[in-house]
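The same chain A turns up in both complexes below, where it pairs with chain B and then with chain C.
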Partner chain A sequence: MKKKKSIYAWWLLLPAILIYAIFFIIPNVAGMALGFTDWNVYFFDDIRFNGLENFARLFGEKTFWIAVKNTFYFAIMTVVLKNVLGFLLALAVRRESRFNSYLRTVIFLPIMISSIVVCIIFVSIYNPSTGILNQFLNGIGLHALAKSWLVDERYAMNAIVAMEVWQWAGLNMLIFYSGMQAIPSEYYEAAKIDGASYWQEVRYVMLPLMVQSFTITFIFSIISGLKVFSQVYGTTNGGPADSTQVMATFLYRSFSHGHYGYSAAVGFVFMVLIMLFSAIVFGILRKKEVEY
Partner chain B sequence: MAGRRKFIIARVLLFIVSLVYIIPVWMVLINSFKVTAEANMMGISLPSDMVFHFENYREVIRTGGIIRGFINGIIESLLSVILIIIAASAAGFVIARRNSRLSNAVFMLFIMGLIVPVAYIPTYLVLDRLHLLDTYTGIILIFTTYGLPQSVFLYVQFAKTIPRELDEAAILDGCSTMQLFTRVIFPLLRPTTATVFVLSFVGAWNDVMIPMFFVNGNKWALPLTVYNFYGGYMKSWNLVFADIMLTIAPLIVVYLLAQRQIVSGMTAGAVKG
Partner chain C sequence: MKMKKWVLGALGLMCTGLFATAACAETLTVMIGSEDSGGVAVKAAMDKAAEIMGIDLEYSVFPTDQFLNVLNTKGATGNLDDVIFTSYSLSDLPYNEFAELSGDWQEKITDTTRQFTVNPETGETVFAPFGPESNFGLAYNKKVLENAGVTVPIVNYSDFLEACEKIKETGVTPLYVSAQENWTPQILLLTSFTTTLMKDDLVDQLTTNQVKPQDVEGIVKIWDNVCKLQDAGILNEDYRSATHDMGKKAVANGEAAFYCVTDGAYGEIMNEYPDLIDDVGLTICPMWDNEEDAFVMANRSCRCLAVAKNSKNLDLAKEFVNTCITEEVMTTYYELSPGAVPYRDLGFSLPMSSWNEEMTALSETFPTYGDWCNALYDGKPKMNPFFGDFDLRVQSMFSGKTAEEAVTEWYTKYAEDAKAKRVEGF
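For the complex of A and B:
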C-alpha cells in the first residue's frame, strides 16, 4: 500500500526546529559536557576536561547549599502565598461589576512592569527611614514593626518574597477567575438546593473542579520561583551575608568571575533540581484532576 | 442586615487591597515631579510648593540613555516577535494537524523549553563560536528561542479548533501547502497571533538575565538601562522615579489598550475551553 503524502508538509516545522536546535537543544546537551571542563575566561579557547572536579568543588561549597536552601524557601513561600491570595482574590472579584473589573485591572497591572524595575520601586518602599512602608507603620503607631527590611538578614528574604507576591498574585487570580467561570452554574445551583453554605460550596463544588487550574498555577509558580534571579539581584544581590543568595545569583556570580566550566556545572545541577521538583509536583497534581 | 454589613466590609477591604497596588505607582509618579531633596523623602503627598518639575524628565532623557534603550528594546523585541510568529505559527499548525509520533516528540521538546532554565553558559559558548556574542542578531535569536515554546503551545491549541475540512477544500481548489498556510490558515490564527505578539514582546522587553549574559550595556532595553541609571543616581530619587515612569508608561498604556488579549493569552491553556 502506498503511503498517502500528507498535505501538512513537515518543512513548515523547519524554521522553528532549526532555531530551537541551535540555541536550545545544542546548549542543553553541551551543558552536560561543559560542566566537566575547566573552561574559563583566562584560557578561553583551551577547554579541557577535568572530570568531577567542578561538582566536587560545588558540593563542598557552603554558599551553594545556602543558595539551594534559600531557593526552595523562596519557591515554596511564593507558591503558597501566590496561590492562596490568588484564589481568595479570584473569589472576591468573580462576579461581574464595575468595582470588580477595576480590581482585576489594578491587581494584574504590575505584571507588565519588568521585575528589575519593580525591584527599584521596592528598594525605595522598603527604605528603613524614608520608605512608605515604615512611614505608614510609624504613622499608625506600630513602630515595633518598622524594620530594616532589605538590610537585616532576618527579614531580607521575606521582604523579597512579599515583593514577588505583590507583583504576580494577579496572574494566579485571573487563572482561577477564568477557571471559576468555566464551571457550569448548575453545579452551584444543585449545591444550593442541598443546603450547602458558601464555604461548603467553595470546598466541595469549586475546589475539586479547579484542580486543573491549580496544576497550572503550581507548575508556573514553582518554576518561576526556582528560577528567581532579578528579584534578588535587583534588591540585595544575595546579601546581607548570603541570606538571600539563590541558585541563579550564585550562577551569575561564578559566571561573572569567569569560571565558565564551573558555572556550567552549577547550571546543570540547577536544571536537574528544577526538572525533578516539577515532575514530582506535576505527578501528584495529575492524580487529583477530575473530568466534568 | 448582616449581609449588607458583610458586603460593605468586603468592599472596604478590597478597596484597601487595590490601594496596595496603586500607591506604589502613585508614589513613583508624584515624586518624579519633585525637587531632589523632597523626592528623597519618598512621601506620597503633592509637591509642597505645588510646582511640578517637568524638567526632571528632560534631565533623564538627556542623561539616562532612554532613547537608546527604547530603540534597543524596539529592535530586539519587534524582530524576535516577528521571527517567533513566523516560526511558531507554521510549526504549531503542522503539529496540530499531523498526529505522528515525530510531531508529538517535537511538541514535547518545545514544552520542555517552558520548564528547563536557560543554559546560559553553553549558550554563551554557542554564541561565541557563531560570532554572535554582543550582537543584535545574537540576542534576537535567543529571545526568539525562548519565546518559541509558549507560542508554539498557543498556536497548537488554537489550530486544533480550525476545522480540517477547510484544508481539504483549499487543496481541492488547487492551493499548494504553502498557499494553504499563508492564505487560509494564518489569517484564521489571527487572535493567537495578537496574543503571541503581546506576550513575546513584553517578555523580551522586560527580560533581565538574557541581556545581562549575552550583550553589553549599549544593547540593553529600557528596564535594564533604568537599573543602570539607578546605580549611578541613588541620591536623586526624583530622576530615578522619572526614569521609571518613562519605562513603565508605554507598557501600562499597551496594557490598558490590549488588556483582553494580554489576559486571555496569559491564562490560555490554564482553563478547560
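For the complex of A and C:
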C-alpha cells in the first residue's frame, strides 16, 4: 500500500519533472558541456573539444571581472536603494486617504513602462547638453553637479542604478504596504500603551513583523539585479570603455561574436556565481523570518 | 444534407484560398542592417526593382551590431533570406552559402571592387555591387576653412593641429567627433592607419600572429595621435555624447570645420540640408606624422547584393538582383545617394557626388587603399580590421583608455576571432 502511494506521487510529479528537465536541466548540462568546446559560428557543424581553454580565457579577461564587479554592484545598490526607498514610500502612503491612493498609483506607474522605453526616456534625461537633468541643475546654479551622466565612466553605472530604482521602487512600496496592512492593529495599540513613539513602533513592531515582505522584495530585487541587461543595453551598451559592462551584456557580446562554446562557458560561470550569491542571501533572510 | 453543406463550405474556402494565393504577388525576403534600412536610397531603389518585376519585398531588418552574427548564424543553419544586402567584406560572410550570380554587369565591375564580389574558394561571382564604392575622409566646411585661411589637403598631423588652432581662433569648433555611436570615431583611424599597416610585410606578420600591433611603434603612434585630439582642445565639448546626426548638422551649417565620415553622408546631408551641401567637401584625414604616409581611403568596400543558395525563390531572387543593376533602379539609388559607381560602363551615366570627384582628384596625387590592395595582395582585402571590435576599441579611447590599451584590446579580440576561424598562427 505504501509503495503504491509513493508510485502515485511520482506519476503526479512526472509532468513537472519532465518540463523542468527539458527546459532547465538538459539545456544547462548541454551548455556546461559546450563550455569545453570551440563551437562557433564559423565552424557550426565541426565542434572540437578544447578542454579548459574557454575558462582560462574567461578568467584572464579584464572585462569579465569588470562585468562581475558591476553586476554585483548593481544588484547590491539596487537591493538597498529599492528597499529603503520602497519602505519609506510605503510609510508615507500607508494611511488611507484619497490623496494617498492617488500617490500610490503614481509611484507604481513606472513599473508599467517597458524597460527599453525607460532607457530611451533616461538617455534623453541624462543627455549632457540637452537633457532636462543638467538643464535643471544649471538652471538652479548647480553647474558643478551637471555631469556627462551616461558617457562618463565615473557616473554611468550609478546613473543606470538611479534609473532602475526610479522604475522599481514602486513595486517594493506596494509589497511593503501590503505587509504593513497585514500587521494586526493590536500590536501597535499595545506598543502605544507601553509609551512607544512612532519611530519605536516602526522599529520594534513593524520591522520585525515585516521580514517576510523584506524577503520577497529582496528576492525580487536580487534576481532583477543579477540578471540586469536591458537597462545597460538600452543606455550604454556596456560602455563607455566597458565601464558599465555587466554579466548579461558580456555574455550577449561574446554570443554576438558567434563564439558559442566560449559563451556557454561564460553562462555556466555566471550561473554558478549567481547561485552561490543567491543561496547565501536567502539562507540569511530565512533565519530572520518571524511567525505571527 | 448537413454533411453536404459542410463539404461545399470547405470547398468554397479552399477555392478562396487558391484564388487569393494566385492573386498575391510573389514575395522575396530581403535581409538588411538597420543602418542601411534607415537610408532612403537603398530601400527606394529596391522597391523600384520590385515594382518593375511586380513582386513584393519583405524586409528582415537587423540591428547593425547584430547583423553580421545573425547573417553568419542564418548561413550556418541554412536559413538565409532570399536576398542579402550588405557592405561587409566577403571574408566576414558565409560566402559558400551564396548563389553564383551572372548578368551583363558582371564583366563591368571595376578592378577595385571585383575583390569584394568573388568567392575566394570557387572563383564564382556571388556579390552584385549595388551602392557606390566607398570614400572615407574628413568632411569639411568650405566657408569655415576659407574664413580661417586654411586650405586642404592637409598632409600631416602637425599641420592638421596647426590648422585647427587657426580655425579655433575664428570661434568655430575645429573637429567634430560623435563618440556616442561606436561606428563614427573609427573612421578617424580607418582613413589613416592603413598606411602604417601596409608597410613591408607587416600585414602578413599580423595576420599570422608573428607580430602584435601594440609592439609596432608606428601603429601605436597613429592611434595615439587620434587619442590626443581630446587633449588638443579642438573637439566639440560634447564629443562623448554627440551623435552622427549632430556631426552632419555641425559640419553642414559651419558650427564645426571638420567631421570624419563615409561618403554615404553626402546623400544624407543633401537630403537633410539641401541648401548647405555645396558648402561641404571631403578630403584626406591626416592622422599620420609623415607626409609620405598620406593616402586616400577609397574603394575600401562596396554595398552589394547576394542571393542565398538555398533560397526557395532562387531564380526570382537572381532576376531581382539583375533588375537592380538596371538604369531605372540604379538611377533611383544614385540620385538619392550619389557616389562612385562600381562599374566601368553600364551604358548609362549615374550621378557622382562632388566628394567623390574631390577624392578622385586627390588619388592622382596620393595612393588609394584599393591601389594598395591590388598592388600588394592581388586585390584581396588581406587584413580586416573590423574583427576584434575595432569600432569599440577606437571609441574606448574617447572614454579614457590609452592608445596602447585600445590597440592591445583590439588585437586580443582580433586574435580570438582569428582563432575561432582557425587561422594558422592563432
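As a convention for this text, the second predicted complex is superposed on the first by the 271 of 292 C-alpha atoms of A that agree within 3 Å, B and C clash if a C-alpha of one lies under 4 Å from a C-alpha of the other, contacts with A are read in each partner's own complex, and residues count from 1 in each chain.
As a convention for this text, a residue touches a chain if its C-beta (ideal position, glycine included) is under 8 Å from a C-beta of that chain, and two chains touch if they have at least 3 such contacts.
None of these values were measured; they are calculated from a predicted model.
In the overlay built on the shared chain, the residue A:S197 is in contact with neither chain B nor chain C. Applying the stated contact rule after C-alpha superposition, one finds that A:D38 touches chain C and leaves chain B untouched.
In the superposition on chain A, no contact is made by A:N138 with either chain B or chain C. Contact with chain B, but none with chain C, is seen for A:G179 once the two complexes are overlaid on the shared chain. Contacts of A:N127 after superposition: both chain B and chain C are touched.
Look at A:A241: by the touch rule set out above, it reaches chain C but stays clear of chain B.
In the superposed three-chain model, the partner touching more residues of chain A is B, compared with the other of chain B and chain C. On chain A, the surface touched by chain B in one complex and the surface touched by chain C in the other have residues 127, 255 in common. Residue ranges on chain A touching chain C, taken from their complex, read 38, 40-45, 57, 127-129, 148, 150-153, 237, 239-243, 255-259, 262.
Those residues of chain C whose C-beta lies close enough to touch chain A in the complex are 65-66, 69, 72-73, 76-77, 179-180, 182, 237-238, 240-241, 392, 395-396, 398-401, 416-417, 419-422. Interface residues of chain B facing chain A in the complex, by the touch rule stated above, are 10-11, 14, 17-18, 20-25, 27-28, 40-44, 83, 86-88, 90-91, 93-95, 97-98, 102-103, 106, 109-110, 113-117, 119-126, 141-142, 144-146, 148, 152, 167-168, 171, 177-178, 180-181, 202, 205-209, 212-213, 222-224, 226-227, 230, 237, 240, 244, 247-248, 251-252, 254-256, 259, 262-263, 266-267, 269-273.
Chain A meets chain B in the complex at residues 6-10, 12-13, 15-17, 19-20, 22-28, 30-31, 34, 39, 89, 92-93, 99, 102-103, 105-117, 119-122, 124-125, 127, 130-132, 135, 166, 171, 174-175, 178-179, 181-182, 212-213, 216-217, 219, 223, 226-227, 229-230, 233-234, 248, 251-252, 255, 260, 263-264, 267, 270-271, 274-275, 278.
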